[in-house]
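First chain written, first letter: the chains are A, B, C and D, and each begins at residue 1.
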Amino acid sequence: MSFSKQEIAARAAQEIAPGSVVNLGIGLPTLVADHIPEGSDVWLQSENGILGMGPFPYEGDEDPQLINAGKQTVTIVPGGSTFDSATSFSMIRGGHVDLAILGAMQVAQNGDLANWAIPGGRVLGIGGAMDLAAGARRILVLTSHVTKKGAPKLVKECSFPLTAAGVVARIITDLAVIDVTPKGFRLVELAPGVSEEEVRAGMDAELLA
Amino acid sequence: MSFSKQEIAARAAQEIAPGSVVNLGIGLPTLVADHIPEGSDVWLQSENGILGMGPFPYEGDEDPQLINAGKQTVTIVPGGSTFDSATSFSMIRGGHVDLAILGAMQVAQNGDLANWAIPGGRVLGIGGAMDLAAGARRILVLTSHVTKKGAPKLVKECSFPLTAAGVVARIITDLAVIDVTPKGFRLVELAPGVSEEEVRAGMDAELLA
Amino acid sequence: MTEVKNEGRHRRKLRASVTEALEGLSDGARIMVGGFGLCGNAEALIKGVLDAGVKDVTLISNNSGNLEKGLAAWLKADIVRRVICTYVGNNEDLHRKMAGKSVEVEIIPQGTFVERMRAAGAGIPAFYTPTGVGTVVAEGKEHRDFDGVTHILEHALRADFALIRAHQVDAFGNLRFWRTARNFSPAMATAAKTTVVEADEVVPMGAIDPDDVHLPGIFVHRVVEVREHEDPYEYKRTRPRPGEAALDATGGAR
Amino acid sequence: MTEVKNEGRHRRKLRASVTEALEGLSDGARIMVGGFGLCGNAEALIKGVLDAGVKDVTLISNNSGNLEKGLAAWLKADIVRRVICTYVGNNEDLHRKMAGKSVEVEIIPQGTFVERMRAAGAGIPAFYTPTGVGTVVAEGKEHRDFDGVTHILEHALRADFALIRAHQVDAFGNLRFWRTARNFSPAMATAAKTTVVEADEVVPMGAIDPDDVHLPGIFVHRVVEVREHEDPYEYKRTRPRPGEAALDATGGAR
């Protein structure tokens, strides 16, 4: 059992209040867009300069000068706007984006987030990750519970370079929904058929029930 | 003899390089606009949000939402633009305005400018004066040589509250054109029929010839 | 197990009345009001604040009224305790309050005024500026040299409410302004907890091209349509049409 | 007695060729190049810099090319000594140069990247930001608390040249951008000593309504019209039209 990627995305969509502005990170978070109910007035912000990002364009309608922060062709919904990067990061850093849904390499029990570089690994860069992590009002992380090699991603302390310190509010993995509280990780919800023990086994930190 | 107000304005217009951006202060500097030659590509900036300010509108064309920084109805020339105050002062403070032509209550021999308040007098406010004085690439001052009561305006040290320190490059009065140099005031040009002695007599500072 | 979610701030922004648009405004509020003098004032919202009966307001606005119009009404009604502005000019109402010390007035340079609001909206708590160095404005502020030039530290300027006027708005709050009515309004909208817009016209979603939005709706929380405005002139200046002057001179049609 | 005046920078901006538009570019120049990846690149100017034969360039651009396109050509030609960017991604050319240490690469957060340029253009030498606190980005930087939150000091980022792409331009350099091709270009234009624009179309003066100018010409110094652009896709994603998928499924017209 456990959550599939689409189920993680669907569960994440439940975290989005109707009438809020959300920035979706690259990868797993991108899938969340498909699970936002119609008519819920959720506005997707893309840090390269869109508020009101729509789905991929119909074939033939794509415009190379209309892309998202992942550099994929996208569309703009009615009521959407385009703007320069300074304005875009004013929105982000200024606390106007209600929720950022981000991927993670590691999350620490104090809310530290590491999602931009692995020591000794190839550096892909920071992009908008640090601004989003520091500036959005709420940070939701979507990630596999453990790495492909089975290493825990929810840890006492991040060993990877931080993206931001103490920012993560909630994590949704394939095994569980977990909050970061002042006392550490707290179990909110188990994926169907997953036991608390399985969740704990994949973590290198305490889990409060 | 000496320069009339219009002659001061005409002389000031000679200071404007073709193809430059100029901000004209309230009062005497406003008159300069009428003396800028046609086709010289001089762009007037008004700090309330216009680049490319034109003359007063024809009767009947006035728009209460199109005003200059003196709150008078104006027009916009072809190629002009409107923008918000943050952008406007980015232009000014960022050194993009080539020349500001300002009025003065006092100018000191080190280039200090006082033009916003008289001690004990009624405070009209600062407006854009401090930003213009600190930010424009060159500051030209137009002023009567002495006050209505005959007090010198070109002084060793300003007794009035400063607008900005050490910023004035050149002063045009009804009696003379005077530069501020590292050694103090230097006479550049006398108004027709005015003697160097008359100029000196109206100053409370040295005048280098 | 999922916690109950509040509705976000970007739903149902259109308000039926000024009263509804100003809900929650309370005594002691810090209120930013857009406009360069009377140009670009949110006239109905300004009146609405009076009707709401709040007092001890901190008013953050460039001029705080003029010629007995606009925000002068707040001063006359004695609902303002403190004014942060850049220019008083011939605003006799404000001069009287200053002289009588019934209103505390802080006058700051216009570029610093708007940059402090822009900073608040952009998540910048403080910045260095050359404006005001060597003047009373710099007194008591941190001084610091960058590349040999002295600057002073200025802090972000925030408010509870921003009351602004726009030309066009859609249901999400995307705005377009008209000419120089834009002035401080975009920066104020970003710097306030609740931004209320009084727009000449509500247009359908999508009617404003994405590239033509002056201020994205993320910075706007409530919208009220107000079709009629006085839009007073402060100093109406015109010139005669070329043909007409000649006609006048020859005793023509006029 | 009147001193001889130089002509201001706002005359005769239209250039007949890319070569003319890049006059004065020299070895060691700091060059900002607009574009989010390949989106909004000034393609002809990027090629023109290669043709100009300059070297030891400091390149300030969000991505510095990708998929062997755009600024990748500068890396391949070894004219870049240093890169200031926010994201490398799958830019293999840059990865190779980084690995070989032939190019020094400084990676900074995207919001800080653009705010530093905006600050340079706005006369702000430095500002405090919360972004990067507690990360490698904050190392060696001044830390300071505002309202109990720690921030770091970041400095203005300037350049000798900014090379940007626009959709429309007039002879004064007023610009309009198309959709997300705007990105860093307005901020870069304000932060460079000389801003060169490659525009799809030169329009008559006044053709752009004053309220619709995205970037006023005061920030633009040279303009060259380039009608043809490759505008490569990085990741072209589409979805089938509603009708067509059904047609496909039933063995229809496609």
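Heads up, the rule we're going with is that a contact is a pair of C-beta atoms (placed from the backbone, for glycine too) under 8 Å apart; a residue touches a chain by one contact, two chains touch by 3 or more.
All of these numbers come straight from a predicted model, not from anything done at the bench.
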Set of chains adjacent to chain C and to chain D: A, B
From chain C, the most remote chain by mean C-alpha position: A
Centroid distance [mean C-alpha coordinates] between chain C and chain A, Å: 36
Averaged-CA centre spacing for the pair chain B and chain A, given as whole angstrom: 54
For chain A paired with chain D, centre-to-centre distance based on mean C-alpha positions, whole Å: 27
Two or more partner chains touched - positions in chain C: 115, 118, 122-124, 129-130, 177-179, 182, 210-211, 214
Sequence positions of chain A contacting 2 or more other chains: 50, 76, 82-83, 89, 92-93, 135
Chain contact graph, described as a line, ring, star, complete graph or other shape: other
Pairs of chains found to touch, sorted by chain label: A-C, A-D, B-C, B-D, C-D
In the complex, chain C residues that touch chain B: 36-40, 66, 85-90, 95, 98, 107-112, 114-115, 117-118, 129-137, 177-187, 214, 231-241, 244
Chain C - residues contacting chain A, complex: 1-2, 5-12, 118, 120-124, 170-172, 174, 190, 204-206, 208, 210-211, 213, 216-219
Chain B to chain D touching residues, read off their complex: 14-21, 41-43, 45, 50-52, 76, 78-83, 87, 89-98, 135, 177, 188-189
Complex interface listing, chain B residues touching chain C: 46-50, 55-67, 69-74, 76, 82-86, 88-89, 92-93, 112, 122-131, 134-135, 161-166
Interfacial residue positions of chain D with respect to chain C in the complex: 115, 119, 122-130, 146-147, 149, 151, 155, 176-179, 210-212, 214
